[in-house]
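Across the two complexes that follow, subunit A remains constant while its partner is subunit B and subsequently subunit C.
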Partner chain A sequence: MPIISNAFFLFILAGLLLYYLLPRKAQMPVLLVMNLLFYLSYGVRALGFLLFSICVTYAAGKWIGKLQSGVSREDRDAAEIANRKCRRILILAMLLNFGVLGVLKYTNFVFGNLNALGLFSLPHLDFLLPLGISYYTFQSVGYLLDVYWKRIPAEESFLRLALFVSFFPYMVQGPISRYGTLAHQLYGPHDFRWNHIRYGVLRILWGLFKKMVLADWAAVYADQIFARPDQYAGIAGFGVLLYTVELYGNFSGGIDIMIGTARMFGITMDENFKRPFFSVSVTDFWRRWHITLGTWMKDYVMYPLTMSGAMKKLGKKSKKVFGKKTGRNVPIALSNLIVFFLVGVWHGPTWGNIGWGLYNGVIIAFSIFAENRYRQLKKTLHINDKSRGWHVFMVLRTFALMNLSWYFDCVDSLQTALKMIRYSVTQFDPSVFLTVSAGKQGAAYTPVALVILLTGCVCLFAVSFLQEKGVDFHRVIARQPVMIQVTVCFVLLMAALMLGPMSAGRGFIYAQF
Partner chain B sequence: MDKIIEILEDLVPDEEFAGRTGLVDDGVLQSIVILNLISELDDEFEIDISVGDVVPENFDSVEAIWALVQKYQG
Partner chain C sequence: MRSSRRKLFSLVLALCLVLAFLILADLALYPCTFIRNDVHAVVTDRKDLVILGSSNGKMDLDPDVLLAGTGKTGHNLCVGGEYPVDAFYLTKLMLEKNPPEQILFELDPGYFMTEKEPGNNYLLFFHEFPVSLAKLRYFADTLRNCDLRSVLFPAYEYSLSYELPRIRETLRRKLSGDYSIEIFKGKVQEYHENGFIEKYPVQEEQFPAYHGFEFMVNDQVRRNTEYLEKLSGLCGKRGIDFRIAVMPVPQTALDRDPEAYGRAWSYFDDFCAAHQIRLYNFNTEYYDAFSHEAACYVDYDGHMNGESAEEFSGVFGTILREGRG
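Presenting the complex of A and B:
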């Protein structure tokens, strides 16, 4: 069931009616049935993998919780034995969860690389990649680690845990939620609130506009420019900018639709974007882009890795060799590189993605070591880093660094990416745009399409700029008369339905991760 | 607590820490600073902070950080 379809919106409408009209104790079963139906709409076979993950996570969490609660803190020997058992259960459950993800998603990548070395001749295997497998695997493992670290109690009810792991709004492309913030909302009764419905409708319509107008038009042009770089050399630089619009509109638009959907059921999901193109550094960018993956990696990989025994030893040695300030950053920088390697791997089993992840990791690692010198340099050069001019410069610098990384993300070879970069710097001829086809509407429609795209981008920038200044659009609209609220919704809906390209949309880039 | 303020001021110059809350929520203490802070606290107070305790609530104010240190010293 595609999330931009009449079937999905009817599904949501029917779900909302049952959710609020039936007795409140039926709300949790309604959500469970909705999860099941949504998942089944993508095929029966994938359900087995989801059920496997739910069963493993439930059993391991409950077992760890039982072992932890059965030991008093005073009895240190018993606590140590219980802790060792808990660790073994945790590792086993993580291996089972990540094992399924690893086999289904990465086997062919490993086989391909082994074959390339000339050592083997392994076949390409057609694995099923269940919807949302990396999202629910990460959410499940996060839950298990939180139970192991005693941050949350283990869930006693199988159905409640099943609801947390299978919650349909995050299955397509996240956001990856935490048990501590999401679960109680799923189980608690919710009264009908007009405010939630209005927020949800506005958020869904804004998401549809971003996806169906901005992302889909940008995709029409970016795809052609990157597919034929020599033909469109004069607009190669625009190609990567269009890819940025496509990626952001596609991913954040889909997230808006799902966060809006969840809010109509009275459930607030974690935000996944916070105006990433206003970031002042690559580190800042990763606090604003795909936030829930970033915080997952920070809490469940970066912290444990840096605080592990081996990294602590490395830190002590480094302090002796490089001095206190630089030395203590060595394990942090190394963990950061490992984290971004994993972020690259998560984005897909290709060397391009791994290189892209490491590109981000290296920039951040460099900034960790350079921070003190950078601060001194600013003082020496009398740079006022609180000034607006400096802020704008930093935003543009970060935007350029991220765009540079996407050259490698949107083409299939390193050579093509380098060629595109070269064309971007050496060739500039916007009139080439007029020769690019607007999909089914042909090249003659391109001027209109570009005006739509540019106007949409200006709207998105204006909204983001005001949000950055603290404006809460939902509150502003909620204070207006009903007629104005309806008009805003109508305009967004019409824009989404009528201004997008006629050719079929690309779907969601971050789906099936 | 003075020692903790001293460490924090060394890690994040130009910030006021005494009596302040919301250090994590406001973005003053970000992941790299928190890891540096843990390394300094471990060395200074001869403790070994567990990763399970690395949650925003334990780092959101000087008082919260001091309470965390005392938990390990106790």
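Presenting the complex of A and C:
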């Protein structure tokens, strides 16, 4: 059930009717059935993996909770034994959860690399990759760690936990939610509220516009430019900009649709984007792009890693070798590298993704070490880092750094990526654009398509800029008369329906993660 | 309570306005295709023979010539991009409205190797289906997973720059129920009222390049064969005489890919034998019945020029009548 399909919107409509028309106590069962149907629409076989994850997470969480509540704080020995047991259960449950993900997603990558070494001749295995396996695995493990760290109580009801792990709006491409913020909303009764519906509809339409107009048009051009770099050398630089528009429109558009959908059911999901292209550094970018993955990594990998005994030892040794200031940063920089290595691995089993993750990690690690020098340099050059000019420079610098990394994401070989970068710097001929076909509409339609794309990008920039300045569009629209609200919705709907490319709607890039 | 009612009223009113706009946009911007005429013809008038299939069937088979002297009526409901799934639901529609006596399915083996592209290829038929159970089932089976434009704004697959100047004519035709065929006459072909498309002759030098033919039994798209089985089963159940025909292919193409064609003919021979369907293959059993010279065709895919198509329809009609099949 693709999320911009007729079936999905009929499914949501039917679900909403049942959700609000049936007695309140039926709301949770309605959501559970919707989750089940949504997941089944992608095939029966994948359901087994989801059920396995739910069962493991439920059993482990309940067991840990029981052990933790069974001992008094005074009885230190009993608490120690219980703690050791809990850790073992946690590790086992994490191994089972990550094990399924690892086997299904990474076996062929490992086999391929072992074969490349010439030591083995392992076959390529056709594994099923269940929908949303990365998302529900991370969500389940996050829940288990929260229970283990006593941040939340273990869930007593199997069905409630099943609802949390299988909540359909995050299954396609996130956001990865936390039990502490999402669960009580899923279980609590919800009254029908107009502002939830209005917010949901507006958010969905904005998401559709970003996906069907901006991302899909950008993809038409980016695909062709990256497929034939020599032919389109004069617009290689535009190619990566278009890929940026495609990636952002596709991913954030899909997230908007899902957050809007959840809101119509009275459920507020975590935001996954916060105008990432206004970031002033790569660190800042990761606080605004795929936020829920970033915070998951920060809370469940980065902090525990930095606070671990090994890292503390490393910190002490580093202080001795490099001095207090630099040495203090070594464990933080190393943890960052590990985290971004994992982020790369999460994005897919390819060396390109791992390299991309490490590229981000290295920049952040470097900026940690260079921070003092950087500050001194600014002082020497009399740079006012509060000035608007400096801010704009920082934003553009971060944008360029992120775009540079995407050259390697768009093509299948390092050579082509380097060639594209070379063309971007040495060749510039925008007139080549007119020779690129606008998909089914042919090259003659290109000027119109580019005007649509450019106007869309200007709209997106204007909205993002105003949001960055603190304007809350939903609140502004909510204050208007109903007819104006409807007009805004109508314009967005018609734009999404009429301005996209003729070809059938493309899928979501982050859907197979 | 009053405020809530007012909001509900405003919302319903707004939804009605949006719906009205979308209907109007569809009426004005979705073009009048020849499929509109084809579907209208088989739904409003009972035909003895309906031909289903791909563009080869559309251009090679003139139902009037095929049925000459029998007093029977026929319609050619083939079109490029018509897969077995479309043929199946078109048959369901006819069964619901005006069941034919016989269905001839023109089989192009190439269609069994490719997945049907979602979007316009379904809309082409779905849009012209009158309100019916068949339309609902067709939606549930195909358009369900297409993007929401397929229902809310089906004209998205057509160029606005081409459709906007023709709005008045499109509206007039749709509102007055005008199904005249003059508008379908082009520089290279002419549409006939019985659904047959007459191609004007093309010199071999001007043929589009031959792109080759591939057929591997194991690489087939299973869904296509399943719907052909379903179509045959449906006809059998409803007492409709169902037959399959494979149009002649130019010798040049047969010589270039003899193995692939051989695999295809053998596979469909077995398929038809297993399902007890009468198969007319003009490249094997009836090879000599019609010329395979390039002069009869407009390309190497086997689309015939109008004159050859008339002649071929006559030959095929004789075979059907004489019971050689």
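Descriptive notes on the structure:
Keep in mind that, in the parts below, the second predicted complex is superposed on the first by the 513 of 513 C-alpha atoms of A that agree within 3 Å, B and C clash if a C-alpha of one lies under 4 Å from a C-alpha of the other, contacts with A are read in each partner's own complex, and residues count from 1 in each chain.
Keep this in mind: a residue touches a chain if its C-beta (ideal position, glycine included) is under 8 Å from a C-beta of that chain, and two chains touch if they have at least 3 such contacts.
Predicted model, so just to flag it, every value in this text is computed and none were measured.
Of the two partner chains placed around the shared chain by superposition, neither subunit B nor subunit C is touched by A:A443. When the two structures are aligned on the shared chain, A:F490 is found in touch with subunit C, with no touch to subunit B.
Residue contacts after overlaying the shared chain place A:S5 against subunit C, while subunit B stays out of touching range. Within the superposed three-chain model, A:M502 lies in touch with subunit C and out of touch with subunit B [touch as defined at top]. When the two structures are aligned on the shared chain, A:V392 is found in touch with neither subunit B nor subunit C.
Looking at the shared chain after the overlay, A:I368 reaches subunit B, while subunit C stays out of its contact range. Listing the residues of subunit B that touch subunit A in their complex gives 13, 27, 30-32, 35-36, 38-40, 42, 49-52, 54-55. Listed in rising order, the residues of subunit C touching subunit A in the complex are 4, 7, 10-11, 14, 17-18, 21, 117-120, 139, 143-153, 156-161. Listed in rising order, the residues of subunit A touching subunit C in the complex are 1-2, 4-7, 9, 194, 212, 440-441, 445, 448, 482-483, 486, 489-490, 493, 497-498, 500, 502-505.
Contact residues of subunit A toward subunit B in the complex are 148-151, 283, 287, 298-299, 302-304, 306-307, 312, 315, 328-329, 332, 336, 368, 375.
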